[in-house]
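Going in written order, the chains are labelled A, B, C, D, E and F, and every chain counts its residues from 1.
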Amino acid sequence: MKDVSNKPDSFRSARAQCRLRAPQDCIERLRRGDTDKGDALKTARIAGILAAKRTDELLPLCHPLPIHRAELEFELGEEQVTVLAEVQTIGPTGVEMEALTAAQMAALTLYDMLKPHCRPDQLEITDGRLLEKTGGKSQFRRYLR
Amino acid sequence: MKDVSNKPDSFRSARAQCRLRAPQDCIERLRRGDTDKGDALKTARIAGILAAKRTDELLPLCHPLPIHRAELEFELGEEQVTVLAEVQTIGPTGVEMEALTAAQMAALTLYDMLKPHCRPDQLEITDGRLLEKTGGKSQFRRYLR
Amino acid sequence: MKDVSNKPDSFRSARAQCRLRAPQDCIERLRRGDTDKGDALKTARIAGILAAKRTDELLPLCHPLPIHRAELEFELGEEQVTVLAEVQTIGPTGVEMEALTAAQMAALTLYDMLKPHCRPDQLEITDGRLLEKTGGKSQFRRYLR
Amino acid sequence: MKDVSNKPDSFRSARAQCRLRAPQDCIERLRRGDTDKGDALKTARIAGILAAKRTDELLPLCHPLPIHRAELEFELGEEQVTVLAEVQTIGPTGVEMEALTAAQMAALTLYDMLKPHCRPDQLEITDGRLLEKTGGKSQFRRYLR
Amino acid sequence: MKDVSNKPDSFRSARAQCRLRAPQDCIERLRRGDTDKGDALKTARIAGILAAKRTDELLPLCHPLPIHRAELEFELGEEQVTVLAEVQTIGPTGVEMEALTAAQMAALTLYDMLKPHCRPDQLEITDGRLLEKTGGKSQFRRYLR
Amino acid sequence: MKDVSNKPDSFRSARAQCRLRAPQDCIERLRRGDTDKGDALKTARIAGILAAKRTDELLPLCHPLPIHRAELEFELGEEQVTVLAEVQTIGPTGVEMEALTAAQMAALTLYDMLKPHCRPDQLEITDGRLLEKTGGKSQFRRYLR
């Protein structure tokens, strides 16, 4: 694990995304909040927030950070849902991995709740990437999604 | 959480994949095992196995299952690495989510260890899907990747 | 930790409850799902289910059990919400503590999400008890709540 | 999860309580430290302290905080035990939920250790509330219990 | 993680030990249960039991097992305490690692609670080994300690 | 849990060790990275780092600390491997327990991966102690190992 003792605390935020492709009627179920296992979007939001806070347990070389904010949003398309995760901290290192982990775990939660409603080959998690990162020495912004 | 008390225990296995796209020199680092944070493939294997065993903590509506085997493999391409996860259990419900979670967490670990070596827009996690599932009432096999 | 190796596996279920007293407008927020932190009932359901699965980590002398089902329900009264938790397993020991833990953690989650909307002395968690237990050597049913 | 990046770190403490009602001979067992599962008060103290440190994993929208102190006390009455939890931090948000969670998990631990010694309808966890909170913008003190 | 799907469930137990060397007055504190942080032996017992249940999270290639019993004992000598851990399960693989982990975590807990009372070079954890293992294909018993 | 609110944050580091005695051919397997369960040294490194970050969950009275660095090293002898752990933080209390826990969990991981290759009485974890501690009011350095 890299040493971050020399890095000053600063405000840092990161936004990441991934996408779940799913059949139209599954997207409809997300919109109505009525899968057989419950309201998938609201469950996935919680799973993503909890995952953001536990990233350093899941990714062995990540530093523990005091997560100041973690939030998930979902954009429903025709045959896909885009999962957007945003995480903020004041710390010595960035929160990219926290945002990426939150997005992926939220997408996996949606997958888990939709899988009784379609065939496995109709579900795919894709387009997982960092959208924006502020704070620290390097700033990064992806303008197009 | 759905009731699985009426489902008999049976042997179940699942294989899942995802892909991390990364620049050639990053793939080379994976091959040589020498990122600044250590040997990324071997670290990702451990992260994936640990994630498989904790899937029911990460995905709120997953059942806890006695994981009998979890293994990760990595296929290095020119500008991508394919992460393959296989999980087995004897239990009342399947291990698809365990295999998918293992693959995604392994890919995120690779991402975390490669990110000091390239720009964020050069890394993307994609093609996350179930490849095969045996046991339980429905069997599924995806022949093409 | 008591030895349960001699106890045969059997179907076991437990139902438990607790109550959160809160001002009328807070109960109204629960009904509409619109606290400042999100939909409190749906979040509390997830927190309760997750807590049921981790009971053996939280209560030092509880045995790990393969939770087959965990579910939460909420009955909204005028100035209180009753949290009902039901847990099922097939195992060598009962799931009373899992049901009680699920109910309490769900109530604490409601408390956490309502506290920006009222004064601390308006919130109280009370009436935490087992309602029903089946399986194992002793059966128990509380007919009145 | 609400953003706390703008909130300055300050010293914060909270005290919370709950009560476990139990038959007289169970209270006596607590006093003597001799339930069949071991010394219940000392075990509950540890369970409460551990729970305080993991509150942000249990309550989805709580922020992780560097817990500086967590302590439990038990007041034995004739047919009840009052669990008092006190938690302190220096952080951007308060520790009410940590104190409340510590008290409830300690009470559940006592319940778990007393239940082989009485009937389920003789045990009840009640009166869970915040007693005092200092630091941050609002201060609160409940003078009567 | 090795596949244990072909291994039949059987009763399995393991006993392990380790030793903490400490100055006489520290041993005396253990005996009286009065370190500045509380009763160390009772706290270490709980830490050991909890660790036994989480061994598969701590040791990456250990299988999750339904721990049926975990217990710790402490033998106080003049300038050392011997920590004995015993774990039992009915499962497809043994509980040696659970017993060893329980003993080590209990010893580390004692170390943590004694360290305000002596110098670091007066504390040492040693003699960590398996004492006995039953069940599975190989049985093992160490007669001398 | 002792109150550390009055202690100022300062840079703190600790180094700890333990030793695993094992037969020559097992040490050879460590060197070549080829136990039946995989590369033991690289797995143990990860287990140790993860354990350092979770010390406050494992040792009940330890404070949570923002681990800034955790690293493991292994010195292979003829019939033993010395595990060295180093941990750094900027915090109100020291990281001795984190370093000791990291070393022990790494050694237990090695034990777990070597045990299919030898008899139980050929493996022993010993010499667990603090080597160096800096920061805080007391400094300590053990010059000889």
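Annotations for the structure displayed:
Everything below uses one rule, namely that contacts are C-beta pairs under 8 Å (C-beta built on N, C-alpha and C of every residue); 3 or more make two chains touch, one makes a residue touch a chain.
Everything numeric here is computed off the predicted structure, so don't read it as measured data.
Between chain B and chain C, the least number of touch steps comes to 1. Different-residue interface: chain A and chain D share under half of the residue numbers found at their contact. Two chain pairs, C-D and D-E, are weighed by contacting C-beta pairs, with C-D ahead.
Annotation: the B-C interface is duplicated by D-F among the options D-F, D-E or C-D, judged by over half of the residue-numbered contact pairs being identical.
A rotation of 180 degrees, rounded to a multiple of 5, brings the CA atoms of chain A into register with those of chain E. Ranking all chains by how far their C-alpha centres lie from the centre of chain C, first place goes to F.
Work out the mean CA point of chain E and of chain F, and you get 17 Å between them. Each chain gets one centre point, the mean of its Cα atoms, and the points for chain A and chain F are 32 Å apart.
Centre-to-centre separation between chain B and chain F, using Cα means, comes to 28 Å. The multi-chain contact residues of chain E, meaning those touching 2 or more other chains, are 1-2, 38, 43, 46-47, 50, 60-61, 66.
Pairs of chains that satisfy the touch definition comprise A-B, A-C, A-D, A-F, B-C, B-E, B-F, C-D, C-E, D-E, D-F, E-F.
Of all the residues in chain C, the ones that touch chain A in their complex are 38-39, 42-43, 45-47, 50. Looking at the complex, you find that chain E touches chain F at residues 1-2, 18, 36-38, 43, 46-47, 50-51, 58-62, 96-97, 100-101, 104-105, 107-109, 111-113, 115, 119-121, 123-130, 133, 140, 142.
Chain B makes touch with chain C in their complex at residues 1-5, 56-57, 60-61, 63-66, 91-92.
Only residues 11, 46, 49-50, 53-54, 66-71, 88-90 of chain F touch chain A when the two sit together in their complex.
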